[in-house]
Every structure is written in C-alpha cells, then in structure tokens.
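Below: a set of structures, written as structure tokens.
You will see two complexes here that share chain A, one where it goes with chain B and one where it goes with chain C.
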Partner chain A sequence: MPGSRSEARAPAGGRAATGLAVVGAGPAGLAAAVTAADHGLDVTVVDAAAAPGGQYFRSPPEELAAVRPGAAPRGQRGFDDLLTRLTAHRATGRVRYLSGHHVWTAARTGDDWALHTVTGQAGEGGPMVLTRRILLATGAYERQLPFPGWTIPGVVGAAGAQAMLKSGLVLPGRRVVVAGSGPLLQAVAVSLVQAGARVPALVEAAGYGGYARAPRVLAANPAKLTEGLRHGAALARAGVRVMSHSAVTAVHGADRVEAVTVSRVDRDWRPVPGSGRTLVCDALAVGHGLTPQLELAVEIGCDTTVRADGSPALRLDERLRTSVGGVWAAGEPGGIGGVGLALVEGELAAHAVAAEVRGGPLRETAGRVRSLLRARRAQRAFAELMGAVHRPGPGWRDWADDDTEVCRCEEVTAGRIRTAVTELGASDARTVKLFTRAGMGWCQGRTCGFAVHELARSDSDGARAPTPDRRMPACPVLLSALAGEDTTADPEEVAGASETPGAAEPGGNGGNRLP
Partner chain B sequence: MPIRQPVDVVVVGAGVVGAACAYYASRSGLSVAVVDRGPVAGGTTGAGEGNLLVSDKAPGPELDLALLSLSLWRELAEELPEDIEFDPKGGLVVAAGDASLGALSASAEEQRASGVEAYHVTPDRLRDVEPHLAPGLAGGILYPQDCQVQPALAAARLLHAARRAGALFLPGEEVLEIYGEPGGGGVRGVRTSRRELAAAVVVNAAGTWGGRVAALAGVQLPVQPRRGFVLVTEPLPPLIRHKVYAAEYMADVASGSAALQTSPVVEGTPAGPVLIGASRERVGFERTLSVPVVARLAAQASALFPVLADVRVLRTYHGFRPYLPDHLPAIGPDGRMPGLFHACGHEGAGIGLALATGSLIASVISGEKPALDLAPFAPDRFDPLVPCHMTEEWAS
Partner chain C sequence: MIRIRVRTTAGSGGSAPGAGRPGGSAGSAGSAGAAGAAGPADSGAGFEFSFDGLPVRALPGQSIAAALWAAGVLSWRTTRLNGRPRGAFCGIGSCYDCLASVNGAPNNRACLVPARPGDTVTTQEGNGRAWLQE
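Here is the complex of A and B:
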C-alpha cells in the first residue's frame, strides 16, 4: 500500500511546524488548546479517544443520554464551554484536531519535535506531527494494589467504574462495595447510588482525620471541603456505611464476586488480626488513586520527582515548563490533582507558551494569570495533602499472599516477586521485571508498576523514589507501521511513494527526517 | 566509618561476566566479593537477548573462547535451575542472494574446520526449518550448537550459586578507588561508597564501563559503548524456532565503523514475544529512542518474516555493548599493575563468552594453566607504551 504509506509519513503540521502540539484532550489539554488558540497560536491536538473530554469529561452516547437525562456529571458545564470554543477554533482552522491518534514517540528534528502517531486498535501508522512546542496533558491511569481475589470478575477499578457510569451508564453490579483510598471513592459511591446500585459500604484504608491536620490548606480550598461534605451527606442519606482505617483484604467467589472480607488496618495499613468480617456483594469497585501517565515525558527526557502520594510526577516550574526546553505539561502529569487543577494548569500553561512565543509576558492576560497562579498554588497544596493522606502504607504488602497475582498480564504472583527479591537479589522494580516478567505484558506495568516497586523495596530503603520506567513505544505499534517510518526503504517502495505525490503534504518530509 | 574486610578477590561488576568470575573463583576455594554500583544484571546483561553463539564467529581466538564457553554452559544448564531458560535452539543464517550465500558457505567451511557444526540448507528446505521465512531466499546454514539463555536470570543464578559457595555480593555500592602498594606496586584493595575491601586481586568485570574501572587503577582500557536496539513484540504462539539472522549480520558485527549498521536478527522466546534486532552504532551513552533505527529493524524483520508485519511491538529497549577496537574481549592479568585482572569488552557476545571468561580468570588467579592461550585477549594490547606482539595489528 504505497499510497497509505506515504500518507503515514506526511507531517500533519503542513508546510510549517505547528506552533503548539497538545497531547491529550482531557480537561487540561482542552483548556490549553483553546487558550493557546485564543492567543493566535496554531494548535494541533492529538488525542487517543474518539471524542474530546479525556477520562473525566465523558458523555454517554446520544441514544443513552436521551434515556437518562441529567446523568451527566457535575462540572459538565465547563466542558460544554470548552467544546464550544474548540469547535469555533476548529472551524477557523486555528486548531487541528486528531482524534483516535496515539503518540507513540516524540523525537527532535532540528528546532522542532516530530510526534509519531498510530491510530486504531491495531496500532496502524498515523501522520507525523511536526511542532515547535509540546504541551503534555497525558492524564493519569488508575493505581491498583493487589490482594487475594482482586482478579475475580466483578472487581472493577473505582475510576473505571466511574468511567463506565459516565459513558455507558452500566452498573458493575447491583450491590457494590467501594474500597481503596482517596476522595475518588466518595464520588464513585455517590454516582453508583444515583445510578441505582446499592452500596453497602465505602471502605477507606486511610482516615479522613489527616486532612484536619492542615487547616490552612483546607481553608484555601473551600470548594474541596464543600464537595467532601456534600458527598458525605449524600452517602449518609443513601445509607452507605463509611468504614475508614479499613481495607478489603480478600474477595470471595468462584466465577463472580460473592462477598468481600473487610479488615481493620493500622496506621501502616497492616491488617489487624481477627478484625476481618464478611460483606455480601456482587461487585467491588476498588482504587488507590491515580498515577500520572509519563511515558512520553520520560522519553523526551523530562525530569521527574516523587509526589506525596508516592508516585513519580514531572518536575514543573510556575510556568508549567518541564526541564526540557519547548515542552510544557499540565494537569495530572505534574502530580495528581483532579479536574479543577487540570483546568487551571491547562490555561496557565497556554498563557505561558503564548508569552514565550511573543517574547514576554502579555499585559492583557496578566490579571488572569495572577489569579490562575493563586488557584494553582492553593490546589497543588491540597493535592499534596490528599496524596500524603492516602499514600498506601507499607503494610498493604501483607494483604497480598504468595499466590496473589500482581502482574495480571504475565500472571506473576507476589510469591515469585518475593523470591526474586530474597533469593536472586532484586531490589528494584526493573530487576524484578527482568527476573519475573512482571510488567512486561500488554499493559507494560501500568497496572502493577507501583505494587512491584513497593514489593521490591526493603523497609530500610525508606521512601526510596520509584523511577518511572522508560516505555517506548508509548502504545503498541504494528511492526508494519514502524517499518513505514523507514526512510532507507528499498527503491521499489520509494518509487511507489513518488507515484502518489498527492498523498504527501506540500512541505514534504525529506528535510524533517534524520538520514 | 568504613568497614574493612579482607577477601582474596574483588570482582567489580555484577553482570553475567562478573557473576561467572565469582562463580568459578569461589568454587576454586577463593574468598570473593562482588561489588556493583547497581543491581545484578543492571547493565548490558539485562539488555541482551541471551545469545550463546558460535555461528557468528570466524575461526580464531573468539571462536575458541565461544566453543569452550558453550561446553561450560551445557554443563551448567544441568546444575542451575531451569528458569535460566537454557535452550539449545540452534541458529539459522540465511542469505538473500547467491553472492552472500557463497560468502556464507565459505565461512561455514572454515568454521567447520575449527569444530563448528554447520549444515547447508537448500532454498526448498528453508521453510521446513523455519516455516514462516520469506520466499525467494537463496539458502542458509544451520548451526545446531547455537543456544539461548535468559541472561538476567542466568547471571542472577550464577551469582546465587557463587554466594552459596561463600561469595559476598554487595549491590548498590560503587567502587571509588582501586589502590595499590605505594610506589607502583600491586593491587591492595578497593574502596567503595560503604567500605574498604582489602584484596590482592581485583577483577574488572564492569562491561561497557570497564574503561572507567581500569582508570581507577590508573590504567587505560579503551572500552566504548556500541548501542543496540531490540524490539519486543506481543506474545505469540511459537512462530520462529531458531535464532534467525541474515548473512550480513556477520559483516556488521565485524565492522569497526561508528556509523549505524542494522541487519535482521529474529527469534522467539519461551514466554512468547519475538525479539527483533540488531543495530550497532557508536553514539556514546545516548538513551533516546531512535526512530530511524527501530524503523529499519522493523522493515528488515518483516522482510525476513512477512508474518510479523501484522504483529504489534509492545516495547523497545536498548543496551550498550562493551566495544574494544579489535572486537576481542580483555581477559587476563594486566601487566601494568600486578593483581589487576580484566574480564570485560565482550561486545555483543558477553553472555555466550561469560563462562569461559570466568573459568579462565579463576584458573590464572589460582596459578593454574588456563585452558586457552590468553595472549590475544591481553588487556594491555591497546597501550602504545606496552611493547606487545598485538600492537601492530590494531594500530594500523
């Protein structure tokens, strides 16, 4: 297919490199894209999903929305505004939007960056986006901790359950226990109740008292406090029992969840012996917060740091610049902070990019930037507090017995990981991976990475920082798509490409390619 | 306050070569400490495919070393746990045209005279040997002696066995100094970030970083990184039985050029993914993924095995082969500093050559006659100040 091959090689930026490429169209990416376009920048948005919104802004397909009006989540109004502005900018050509495209790697070409994309489930070659600047708004994925039975059908991720409710209004079960740690659990439990499920218990491994120890942070974030109270009240009305300092330490059922064991846990999240009790349910929504999606950033060479929640995140300055010139980031990649912070940071990053393009701060948006900076500081402080309160205690490792699967892709148990550590001398996640294949499967350690790191480290390491994995390509890519990037192809292929000049962009790509 | 410990031998580096040195040295009754700034198999060992090859070696000292090592691997495969995944899968080298087939057959003839098993495979039989090979190839040579191991586990298991024989393993400790007798005498020990190890023998098994360790002892060893990328596919049912590579691979291995060379090297693994190599380029310790390199590997692999075109690549990784200018490792005592031994610079063949290297080093340390002549591997052969019979060859 010489035609499609040459098209795959054509840069989507057109004649000149696009001003700004935004990777990800969740709250941060959308806010950044429309703000940058307002400033007159040429923006290309690349997003893996079929429709904009990311993990947070999800809308049910139209036919379902008609049946269940009012099911859209709170905050959707902000989304509508962003969509309206996006549509207007797309109409003028200011924003070019690539949905269903995944950036698998980014490479320098002179002063520009080349974003290499794939499209479709299979990972077929997509256009290359040439850009002078990159804004990473790649979001996050769910952090999981393994325990006996967590792979039984009917156990779903808490964020996954929320996403299911938002996009398809599908309930994971009729009687759903919500467990794990973090404020997301409350939102999930409320959504489940609203969608008609019974939620017998919300099981939180930390305590909410941790928040009270930082009154000034709370005072600076009244909205968060209000939200927490509102959720608390809704849960009380629905008869949801909130069990803090507790964890689901086992799931029971053969083919399907039938019950869970809830145990009290101490400050280190170690189960209190004899405290386990059984709760009957047909589904479990479990999650331990989110972890930033950093593959591209790490490959580009951006510095990372470890946030209070124990997960690595990008090191950013006040202008949302990463340590690599020409690369900004907004939202979860800089540390998990939620939708409000993502919106603030997306807009702030776009103002910063515009200021750099114009060679100095912009007077017309100075006031706006100041208030965004204030909001960011307050919300980042809250995010750190939240991360510290809900950071998994080291005792969670006692939940997983030797038969508990940790890496589901490669079916690696906690016992094998422990053997790799005690017998073979592995003391970090990378070496455990080399010895056991944990993290080498389909998800490339996105699900088990945190748990493997925790199981590999000894207590004497203290809070030794997990270093983010280098995982290129950032998503699976067909070998034929990779081969399509080869510019040293045999003469036949080159001739084939030149026979279909119409498929190539006028700017060509010869000059933008490394030899 | 550093701890001071006396041992007979300090091995610097916990890759497969260091593990092999520790294994054989501790089994010959020496007390051994293995020091590495990182974990076991944290360098090039953990970034390789685990090749134990004779097929890619021309007759000469490296082939002799490979044949010795292979016999040791076969022995050890009986003793070490199965998880080292020792697989006597055999290698298949294929030629696209008659010219490369002619060259391949000629080199196979020479290899046979040195004890390598090599069988000609006619074009019509190629797909009996490898059912998914592309049509139209001119022929190939089957090398049944070629084997594979899981390199990281092999290193870890060797080191584990060495520890059971009494060796001490000190991961996460960097060697900061190799000190000797005052006035230019022999080695007396090493200082690490945590302790002092008094020892009359230090073995530099630091692989690609061997030049830096040599410099700590005040001697020069020109080890340079030669980068390679490997593509890892999604898990597949068994598709590829042998290690399969194109005849041009041998020329690439032997090339001294810093520029990029790629030739298709394709093989399956027990866990299912297919591994695709091999690229060689000297670009320092550059870690960024190179799109042109992986693209070329992908194109060449799918030309050799068209079935792979529709397979997804889940991961790529890179490693830095320890390159010495004449493609031979540095093995043996360093004439410039008594007590200093080198066991590094094996380029892309370190897994395969590790056991012979370790066993030869242990013999010399114990005062026994080594099973092979070590002169071609003399670590000081690159030093213009050392009068050496090898000097003229590499200096030209």
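Here is the complex of A and C:
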C-alpha cells in the first residue's frame, strides 16, 4: 500500500453498537452485507479477492472480460442485483468494503472484536477492523483424495479447472477426464465442453441412484432435480460418457498426464480387481466435493460438527449463531450446500443480527424470515442427502499405494502415514502430522487434511468427527506485519521492515525449513 | 447457450515446455508459447512476459498461471525434496502448489498474481531461497 501505510493501518470498521463485519464476499457474504445494511447496521465487508462474488460468481477481470467474454453462471441476475444494492450502500457509507484483504486472526477487545488483516501476495499488514459482531461467510475449497499419479502436472482440481476457466478463460488440456464425486463434477464437465474441451468421461465414484433414497427431500427441492437433469442432458449431447461407481485409480505420464486408469468400485469405493481400463487424455480434473473453509472460525473457538459428507462444519442454531457470542456464519461454513443455500443463509443471518441489535424479532421482516427458514430447512435436507450420497467410502484408501504422495507440500507418502499409524501408534491426523510432517506445509493441511484423517482412523472409529486443528494465522503473514500489530512502531519503519525478504510461513515452523 | 473459445494447452503430441525435471531447471525444452493453440484474441490485445527466459503472451488481467496454461506450460515449480514438477492445482490460492518466482521473489501463487508486461517469471526450485543456504 504505497503512500498510504499509516492511514491503512488505522483501525477501520463499525465500532459502534450497530457494527457488523462480514468476512467473505461470496453469495452468502454479499446477501448478508446488503440485508444488514438495509436494516441500518454499519457493515464492513472484508474479502480476499479483488472483486466480489466469491468462487461461484468468479468472473474474469474487467480487462480480460472485455477482450473475451465468458458465459454467465446461473443466478447471474440475482448476483447483479446484490452488486447494485452493495454499490448503493457503499455510496452512502453504510457499507465499507475492503477488497484484497485476508483476515488472519480475530481477537476480543472488550465488547468488540479486532479483525487483523493482511494484504498483497506476501501478506503485508493491512488495517485492523474493530467490530461488535462478526458474520463468517468464508466459503469452501475442494476436497481431495490421493491416488497414484495425482501430483503429475495436468492433474488439477475439478473446481480448480473451473476457477481457471472462469477467471482466466483457459483449459488445462484438450481432452480432459473429469473424476471424483459430487454434483459439481457435472457442472465442471459442462463448462469444459462449452469452452471447447473434449471430455471423454465423467467418472463418479458414487451412484446417482443414492438420491432416490429420499424422495421427499427431492420433492422439496425441485430446482436441484431440474439442474441435475439439465446437466445430464447437456453431457449426453456433448458425448460425455458418465461412468458411475467408478474412479480414476492411477494417472500415467512422467512430467505430464498421458492417460488415466478408470476402475469400477464397489459400494465402499474399493476398486474391483481386474476392472481397470486405460483412457487416453492430457488432463484430469478431479475433486470429491467441497469442504468448508474454517480456519478463522476454529481460531475464534467456534464449535464444529461432522456433516453427512464426513467433513467438519460449524455448529449453528436456527438463527445462524455459532457457539461463540457475537459470531454468526452463513453458507458453506455450516456445511456444503451450494449457492442457493448460501444466499438464503446470508440473508437469514443478517435478519438475525439485526434482531439482536434491536433487542427482539423484527415485525416488518417476520414473514420473510419464515419463508427463508422454510427454504433453509429444505435446502439443508438436500445438502445432507448430497453429502451422504457422495461421502467417500472407506475403500478409497486402497487407491493410494504406499508410494502415493498424500501431503503434496511436504511430499509425505501414504506408506509413511501408514507406518506412523501401525508402528508408531498415531490414531489421529495431528499425531500423524507430528510424526511425518503431513499437513505441516504451505497449505496447512487444506489439501490433504481429510485424507490424512481417513488414513489415521480405524474403521471401528465409525464416523468420528475430524476435529480441525487450531492453526493461527489463517493465512501467511509477514513477520513485519506480526511485529507491527503489537508495537507502536513508526509506520515508516514498519513499511521498511516489510521489504525484508522472508515471509513467515503458516504454522511458523512449516515452510522455511533448511535441509 | 453461449460458447466461449479459449486457448488450450499443447495436448497430445505436444512437447512439454517448462515441465520441471528432477533436480534440473525447467524450460530447458522447447519454446514456451509455441505450443499453445492460437486463440482468437492472439492478434490484438495482450502483452509479453518471460518464463524461464522464453517469451509468453498474456491477456490483460490474466493470472500468470492462466497465461502459462494458455502457452501449454503446466508446471513451474520443483518440489523441495524430490524435485518433482508442479503447477496450478486448486486454482483459487488455497493449495500453494503453483508457487513461482516473479521478478526474483519466490513463493508467489501464480494462480492469483496477474501477469504484467515485462515480468520475469522463473521456475521456483525448492523453497526458492537457495541463496540463504549458500
């Protein structure tokens, strides 16, 4: 922040009793911010991206969109409406908007919360946001399972391929196999085909028949059913072969994807011996659903619970309150449910915050809140069904041979993790991490966390919840930014210090280890 | 239905420019940028930056990772222990697999950093701070 460092470091935010900080400007955060501002609250939005929209409404930067426009996602009109309302509230000062800022921790100061932010690639200190209440709308990232060859260039996250397509208008290859589990894969395959890729197969480890287990939930969510059918029709038109109860169990190629092996899997996701067949492709887009982004919530002390999909999510009440006073959450942090649910919960949470500020339920929005609650119940039921259908079966662990890297950052193999479990007695992800460094690297276990938990637990543990570690800071922070937080150093001096090379890596001892 | 056209990577039969070799320098093979299938916008808008000494074209606003994909380059980092090639994986800045050195500074997430005219991007080997260990 050249030239404005001292100003930028000054506390910002609604310190008044009517203050609300919304962390994240995806669908949930935006819906929450404009609704809270409609109620007269003083809202500060902090978002890591350059432009609002989160991952779902991720769009190319303006310069690029002008050169080559992309297809608008579904729901674009509703999003445009939210942006219009946001702009109006920013014009009156009701909403303050900090783009390109990441909240790395939140601390109590009396009745208020102090949100500490960093900005820029390196993690330079940004302004502190003082606020009475926090609404967490931190979204999700993709859940991954390891298998031989998944680190070869050309293997990309399914959501990652879509993100690169949305923001950069590029593809990882010409012939892209889409694999993993969950309805996102259908959307990704359709996007890739529309962008000109060949998608020879969509490989789904579960079976879509699982949804038929809950006809009433389906009946209450006709839009989800329609979307599934629409995607199915689009895939059929494009000649994409949908292979359910199947998984990519190996990727072939030295420094680049040349082919994949697709195997049939049983209901526990165990590969059926002899069923493997080779599919030629130059890229693989793979993912096993999404997992909530909880670093900040866990750091603040919010309770988590395990959802039907097997991943941890925040424990929330009907008013979207977390277990920590003054902290609400909306959208994916409460369990993966998609854009529709995020919009509903964002608005609902803002009404709940407003009701608390005013000291009781608000008559003028009572009808709206009732209908939002109905929509939330229906969509949460669908989310749980979706999670149960696509929850990785225990047999996926047979995909990873002992040489398969599980932790991509620290290059820790499944074999080393198994040794830690069977010979050293580790029975949870944290102990495995201490023995092997799995999950200790740059990404702080975001990519391998679920897999390490699954490899560490024994089947007798049943559905024992993976409890996320507290890992402060929630993102990389320059040492100079850390030093700047607790001192009254001359801003010029702090600015100078930030130019010293050597960023603090997440987890402190994780990144800069010297061999 | 709106169809958008995008450039794709070299794909089958293409060489792998920039694919890291264990313990070696990436970009030793081929010419980055030559492998990308030409897209409609190649003619007008856009600019160049260099990747491991070779010119790569980028569109305004594109991330470094997106421009490299468009040029057929899928890897621009070698891992610290085994020297294996890596590139963009999560695409949203959460996995840190796509770290690259940009204008001499290591540990830039290429999927987040916009390419700028004249940038010097190099394959990040290991932690990118070999100078600290000399």
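Everything below uses one rule, namely that the second predicted complex is superposed on the first by the 465 of 515 C-alpha atoms of A that agree within 3 Å, B and C clash if a C-alpha of one lies under 4 Å from a C-alpha of the other, contacts with A are read in each partner's own complex, and residues count from 1 in each chain.
In this text, contacts are C-beta pairs under 8 Å (C-beta built on N, C-alpha and C of every residue); 3 or more make two chains touch, one makes a residue touch a chain.
The shown structure was predicted, so the numbers you read here are calculated from the model rather than taken from an experiment.
S.K.: Clash or fit: what happens to chain B and chain C when chain A is overlaid?
M.R.: fit
S.K.: Quick one: is A:Ala238 in contact with chain B, with chain C, with both, or with neither? Answer first, second, both or neither.
M.R.: Neither partner.
S.K.: A:Gly173 contacts which: chain B (first), chain C (second), both, neither?
M.R.: second
S.K.: After the superposition on A, what does A:Trp442 contact: first (chain B), second (chain C), both or neither?
M.R.: both
S.K.: Taking the superposition as given, does A:Gly196 touch the first partner, chain B, the second, chain C, both, or neither?
M.R.: So A:Gly196 only meets chain C here.
S.K.: In the overlay, work out which of chain B or chain C sits against more residues of chain A.
M.R.: Ranking chain B and chain C by residues of chain A touched puts C first.
S.K.: Could you tell me if A:Ala220 is touching chain B, chain C, both of them or neither one (first, second, both, neither)?
M.R.: neither
S.K.: So, A:Ala163: does it touch chain B (first), chain C (second), both, or neither?
M.R.: second
S.K.: Once superposed, minimum distance in angstrom between C-alpha atoms of chain B and those of chain C?
M.R.: 5
S.K.: Once the two structures are fitted together, what part of chain A is touched by chain B and by chain C alike?
M.R.: The overlap between the chain B and chain C interfaces on chain A comprises residues 122, 410, 441-442, 513-515.
S.K.: Looking at the complex, which residues from chain C come into contact with chain A?
M.R.: It is residues 1-9, 11-12, 16, 19-21, 37, 39-41, 45-46, 59-63, 65-67, 69-70, 74-75, 79-82, 84-97, 99, 105, 107-109, 111-114, 127, 129, 132-133 of chain C that touch chain A.
S.K.: Under the stated contact criterion, what part of chain B meets chain A in this complex?
M.R.: Interface residues on chain B, with respect to chain A: 39-42, 46, 152-153, 156-157, 159-160, 169, 171-172, 231-235, 271, 273, 276, 287-292, 294-299, 301-302, 308-317.
S.K.: Which residues, counting only chain A, touch chain C once they are in their complex?
M.R.: That would be residues 48, 55, 60-65, 67-72, 121-122, 141-142, 151, 153-157, 159-165, 167-175, 194-197, 255-256, 280, 282-283, 293, 408-411, 441-443, 446-447, 501, 503, 511-515 of chain A.
S.K.: Please give the residue numbers of chain A that touch chain B in the complex, ascending.
M.R.: Going through chain A, the ones touching chain B are 105, 107, 114, 116, 122-123, 299, 301, 410, 423-428, 430-431, 434-435, 437, 440-442, 444, 470-473, 476-480, 482-489, 513-515.
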